[in-house]
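Order as written gives the chain letters A, B, C, D and E; numbering starts at 1 within each chain.
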Amino acid sequence: ETLRWARAGDSLTLDPHAQNEGPTHTLAHQIYEPLIIRDMTGAFQAALATDWAPKEGDPNVWVFNLRQGVTYHDGADFTAEDVVFSINRAKTEDSDMKELLTSIVDVVAVDDYTVEIVTDGPNPILPSNLTNLFMMDKTWAEANNTVEVQDVEGGEMTFATTNTNGTGPYKLVSREPDVRTVLAANDAYWGVGEFPLEVSEIIYTPIQNAATRVAALLSGEVDFIQDVPVQDLGRVANTDGLVVKTAPQNRVIFFGLNMGSADIVNDDVEGANPLADVRVRQAMSMAINRDAIKQVVMRGQSQPAGMIAPPFVNGWTAEMDGSTQTDIDAAKALMADAGYADGFSIQLDCPNDRYINDEAICQATVGMLAQIGITVNLDAKPKAQHFPLITNDQTDFYMLGWGVPTYDSEYIFNFLVHTRGEERGSWNGTGYSNADVDAMIQSLASETDLDVRNATIQSIWDEVQAETMYIPIHHQVLNWGMTDAVGIDVSPEDDPKFKFFSMN
Amino acid sequence: MSDISTKPPSRMRSIWDSDLAYSFRRSPVALVSALVVLVLVLCAVFAAFLAPHDPFNPATLNLMNGFTPPNTNNAFTGDYFVLGTDDQGRDVLSTILYGMRISLFVGFAAVLLAMILGVFLGLLAGYAGGWTDTVIMRVADVQLTFPAILVAMLIFGIAKGITPPEYRDQMAIWVLVLAIGLSDWVQFARVVRGATLVEKNKEYVQAAKLIGRSPLAIMIKHILPNVLNPVLVIATISLALAIIAEATLSFLGVGAPPTKPSLGTLIRIGQEFMFSGEWWILFFPAATLLALALSINLLGDWLRDALNPRLR
Amino acid sequence: MNKIIDVSNLNRIFDVSKPWLNRVIERKEKAYLAAVSDVSFGIEENSVYALVGESGSGKSTIGKMIVGLLSPSSGSVEINGVDLMREMDKVKVDTVRSDIQMIFQDPYASLNPRWKVRNIIAEPVAARGGDTKGLAEKLLEQVGLSAGDADRFPHEFSGGQRQRICIARALASGPKIIVCDEPTSALDVSVQAQVLNLMSDLRDELGLTYLFISHDLTVVQHMADKIGVLYLGRLVEEAPRETLFANPKHPYTQMLFDAAPRMDSFGREIPPPQGEIPDAINPPSGCAFHPRCPMATEVCRREIPALRDISGARVACHLAE
Amino acid sequence: MLAYMIRRVFQSVIVLLVVGLVAFSMFRFVGDPVDNMLGQERTQADIERLREQLGLDENFVVQYWRFLEQAVQGNFGLSYRQGRPVADILVERLPATLELALVSGLIALIGGIALGIFTAIRKRGIAANLIMTGSLIGVSLPTFLIGIVLIYVFSVELGWLPSFGRGEVTDLGWWTTGFLTVSGLKALILPAITLGLYQMTLIMRLVRTEMLEVLRMDYIRFARARGIRQRSIHFRHALKNTLVPVITITGLQLGSIIAFAIITETVFQWPGVGLLFINAVQFVDIPVMAAYLMMISVMFVGINLIVDMLYFAIDPRLRVDRKGGH
Amino acid sequence: MTKTPVLSVRDLIVEIPTRRGVLRPVDRVSYDIHSGQILGVVGESGAGKSMTGNAVIGLLDRPARITSGEILLSGEPIHQLQGEPLRRLRGKRMGMIFQDPLTSLNPLLTVGEQLTETIQEHLGLSNADARNRAIAALEEVGIPAARQRIDSYPHEFSGGMRQRVVIALALCAEPELIIADEPTTALDVSVQAQIIALLKRLCRERGVAVMLVTHDMGVIAEAADRVAVMYAGRLAELGAVRDVVMSPSHPYTAGLMASTPLASIGQKRLRQIPGSMPRLGALPDGCAFHPRCERATDQCKTGGSPTIASGGGRAACIHPLPAAKSEVTQ
């Protein structure tokens, strides 16, 4: 059966290693496959690998046994060669996946269906880094001169940008970026019989304008949409033949604060950085009424957060996540303590097309911070303009959302807590830098003793929480709207894998 | 010498008696639309006194007031709002009043800018002729190549790039003015040029030349007052267009900031709640915009016919 | 008597060629229109000199060159012995400029509709920074309107009254010469009579000199002391009024006289003149009038006749005697 | 005529050069291209190399010239967003926009002219006055709102027409058309109305004004005095004369339809160049923005040329030599 | 004369309602025109000449309208006709010539198209016949090489030729009556003479009745058989041309004649009528001319002016001039 699927954005490229981004991976998952996937509940499931385990006697090596009899869409066989090729490809300069693979030093094809991955130290969580790492056919890549990963930032285009050859359940039939992508079931798929595979054709249309997207669902022009605007959930749910399904998402929304600089540009305080004072940061966090945001802005579709890790993640604790309370008076007192009784003004950079009601949350925050005297200038812009501000250290107060595909705190620390540097900390726009913490973070990669590792994680979190490095807002709740013919539950990754879908 | 034997009628009197005033008094459409415009403009100007709340002061907002329907008390806070509140808990009525102020300001300022620029260039092109004319009119052609919203988006993009972030909020309004104004001058220039070409061959201009008046004096003192009628008509219609253009730009995300929304921004926000039943967030701003733009357009329409004796 | 205006060998050529590109593509020469060719005449002080001729004959062009609104292509206009085009002395030019004023044909277009009559009349003085107090009122009375009219706008006046306002404006700077370009052709006869009378009166009172441009022979006959007849930019005949009307020597002048309707020619059945005025861009060779001239001979086709003095008149005709 | 056309073409080229300059300046000044193209881990050497590769070390004029050279060949480089040649993307998207523009243009033209004539000849009728006032509502609301309201009414509430996209399209070589399928045609209706409504109002009012002016001309009175039929007077004598001035403005209007398509396409998720442009703005995809600008100007200039030729076809006075001017 | 006049206007009143009251640009005007006759209508600008002509052919622009009186075309009343019947009369039985030949012709249609359209409309001829007829019409008005020039556009003709085309258009369906509203005002004297001669010839040969509106006394004297002098919407005097010009009865006519420069050759000053014609909205009571009239008495200020017979015509004056020879001499 045909499934017409719409969401706000489109995949950025078909090259499976060129971008590390949700919509891009979601599409790729239908066509390509990694060794391991997460099923619709988020649990590991064997894909191109049938089983995997650390090598006995060598904690630095993981052994993957590959599925046999898998063929690519062009008929070629899937072998260990391809795994070696794909992982190495994903580790190259232009790949956007390389940060997930920093620990890998070598990939060895032991035989046609066994692969060993050598890491620079014991890496207990390596499998979770591979769930979005897609396997490409080496022969096909070489024949089509697309061995190199597409350099997206460099404006490059390769054969793989517009052509695919995966092992996945669906084949690409046609694609116009931002317009329409058509996929058809792969009859030679290895999983026939194992998965429902009831969707035989997928027509994927990005619809940016939220009202239009909802209208398309309401008028029956599409069967399945992601990103239902929260205000329209009721309407969709109350429409005959339509259902809304929700689930907590693996994504937390928070504000980052430039606490590292001696002075900041976008404020009205001369010669000092008010954000450098932890009391100010605490005050700001206290001023934010997360319940009101949940209630009004999110229409109940969020889970107020006290830390910047989603509950799925190893290291998350209920106490930390429930640690925030709104207290304007206390916040004012803290401000006064810090010497900012009269407040100050600052600019808030906010995306307007990335997270659920991102701009509205920022706007509500403006009002809440105004109550403790902080005048916030809101600058909302498309994500493509927003994110570079963070990675280029050009913002002092920004909104960011973070999902943790590895389900482990290390992922968060690597990107958001570690001092900004070559290997790690690329999304840490706070200027926070603590050598001890950095050392602890680095130790996580090779710590095999899970208890020790978890203790380290906890102490890093303690530090992060104590510093109020980030101001958490909430965990997003995912909404999928669909016709009641579609049988599927929401996945926390927001990545529908259509082979799991049933249609009745 | 205190002169004048037969005193001509007083100024007020002669304005009242003029054909324009007469046709105005006789046209119900003109009267009603003028009244609407007047009321709305006054509301906007005195928004600070009329509005029950100050939606531009974030400190006074209570998010919990969000989505209060019109003429009800909020379920949590118990506050009352005549026209309800929007998603941020802002009083819709107050936000409309303040937003209209921004829309009108942008409209008026943009039209003024376009008018000054267009009238000046049009006069120059028409009067000087030759190369000056060719150059100005070619520039106008180029300008026309860039439709208004494109120009606006370009200017907006560039201005955003070059203004320091702390001024962006205030800049946004001026950038809108600049963007809309710059994309609108051409029609003024064209009309003024056309009229100037006609006027400059009239004998009163010859007479002024003969006296030895400078071209600038002739352009400004003699020709300008005689080409103002069509300018007035265009200005009126442009005003409505500018207000709409501002709304459109808001939709495209390059308008007034959401913390200081204009009518257009309000509509953009409101349309997100169209399916969800919070109709008032869209309806009231849209109705206000419609009333405003429609009245201005109707006035412009009437003015066009009233000032064109050949159409009566 | 001394000549207050001396026009000699005046030429004005308009470039009416098409733009360069068209000429290149269509292989056409540049096209010139000789609006005024080799015109010479003088006007004596306190006299009325009239130029007559059909439309396009160059009357207005000459008028404009004399007042300085147009510059001649060649030849010179001397006013009180000062050649405005060549004179370097600014002050001299300025005084001469204010000595000469102009009244236009269309009384409706001659007055800026947005200006009050007072400002219109005072402008020539105000522009030079002179004292304009009471000036407009005085002039208005002088031209037969009331002082109270100064506060009105032009649209409140009839054509004849407007023409009076134009005259008042022309008088404001105290000129010696007034160029009148068809001042009454837009007016009704009864009003025309008033305006013409006013002009005659002013001439006597103020000692004005008029260059009177018209296509109406009867008006010219009434007003002028000396008359020049123009055809296609050339002066074809010039004579004092009595001489001209008693004995027109140029065939064109004769044709004009015949064609003009008269009050006493009830049911007159004479053959109307032949042909129309030729295209000024490609005028006929020789005497421009020869294609329409009943007496034309070979020489007329070839040679442009020079102005010759013939019994008190100057005539440009090979055959006149 | 030939000379006139050559001159217009020449002027058009100048217009294009200027637009090109703007587009090029965007490349140069809105964001450093090197910044855009190199990731964070760039070295000074990388920068130098890229600068040289892009010719950024040359002087401005040389760079501009190079840009033009490329632009003339339709080469605007690769889209930052899609990593594909901009020209390919444009060609892919153009049919959607052109078909939409064509249909809305036709709606605007036919509706505008018909209503314009109607309101002009029934100047004092109730229907005409209603149309006149009603038409103002069309220009007193922002297009996007009209679009959304149409979607709400016709797609969501009534379920008659699709709310987004082009429906099924048929490939005809490199051109894709929605004209050949029912769903394609249905999908066109709402966007075309949204886009055409505004222009229709403008054209209608313009036609009315011009027609009223023309109807007062002497030759119309003279035609009446000769007993020519009303119909012939309106449609043969007046309309033709009305069209002369209407054509210029209409030409410009049709050009701006393509620009206004930005909004309509966003609302209806119409896969044309306008949507592409909006996406490009969001992604700061400067090659696409520049190419779009150039493309719009080429179209504009093209339309203007066509309009000029129409003049020649309609107005015999222009066919003979005119004095001076252009 | 016993024959029915081609045009007979009886007590025609045209009114324009305005915000400052109802204006009467044509006030109780009566006259006849017989076949082959030219009636000259003179008067100053705004006297109501064009309005009268337009009323006859039914081309009054709103809000002007005929409020009383009758217009008879060969005895049939036509002043109440509207729409289609009126349209069929126009061009077929009465034609009109406007002042400016340039603006009278549709610039976008060839002369031939405009002619054949008119001919086919009224005579129902085939295309070819209509075209031949059009060529004949052009030849008749003296356009050389008519066969070639018929496909030219109006702007390709000179001013005089254009006016000839206009006349051809007005005459092509052979109407009985022509209303010529200042047909020569925009033309040069030499061309004017040609056009007047043409009109006279057509009138004589075809027996058309012509109403020739002008403000040029000379043209009237030369072309017209009878003259109507209008002042402020009223007929001041009507009579044979020689009588009216040489021995006017109405002081206004006399003043008008005398103020032409021709009448005062040799005099330093022209005879002038003081003042100017009053605006329609501010007409004085009684005889409209009385404020400017030397002969006016109190009677003139109140009473209406009786119509008196004078010579072969009539005048509307209480104190008419003795029908003596006026001052107009050779």
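We adopt the following convention: contacts are C-beta pairs under 8 Å (C-beta built on N, C-alpha and C of every residue); 3 or more make two chains touch, one makes a residue touch a chain.
Note that the structure is a prediction, hence the values are computed from the model and not measured.
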item	value
For subunit C, the least number of touch steps when starting out from subunit A	2
Between C-D and A-D, the pair joined by more C-beta contacts	A-D
Distance from subunit E to subunit D - Cα centre to Cα centre, in angstrom	53
CA centroid of subunit B to CA centroid of subunit C, Å	50
Averaged-CA centre spacing for the pair subunit E and subunit C, given as whole angstrom	31
Junction residues of subunit C, two or more chains touched	none
Residues of subunit D whose C-beta touches two or more other chains	148, 152, 156, 266, 281-282, 326
Where subunit A touches two or more other chains at once, by residue number	211, 215, 218, 382
Contact footprint of subunit C on subunit B as seen in their complex	1, 3-8, 202-204, 206-213, 217, 222, 225-226
Residues of subunit A touching subunit B in the complex	210-211, 214-215, 218, 229, 231-232, 234-235, 265-268, 289, 292-293, 295-297, 345, 347, 352, 359-360, 363-364, 366-371, 376-382
Subunit D residues within the subunit B interface of the complex	11, 14-15, 18-19, 22, 26, 29-31, 132-133, 136-137, 139-145, 148, 152, 156, 209, 212-213, 216, 252, 255-256, 259-260, 262-263, 266, 278, 281-282, 293, 296-297, 300-301, 304, 326
Interface residues, subunit B side, partner subunit D - complex	29, 134, 138, 141-142, 144-150, 153-154, 157-158, 161, 240-241, 244, 247-248, 251-253, 264, 267-268, 271, 274-275, 286, 289-290, 293-294, 297-298, 301, 304, 310-311
Touch list for subunit D against partner subunit E, complex	217-219, 221-230, 232, 236-237, 240-241, 244, 314-317, 320
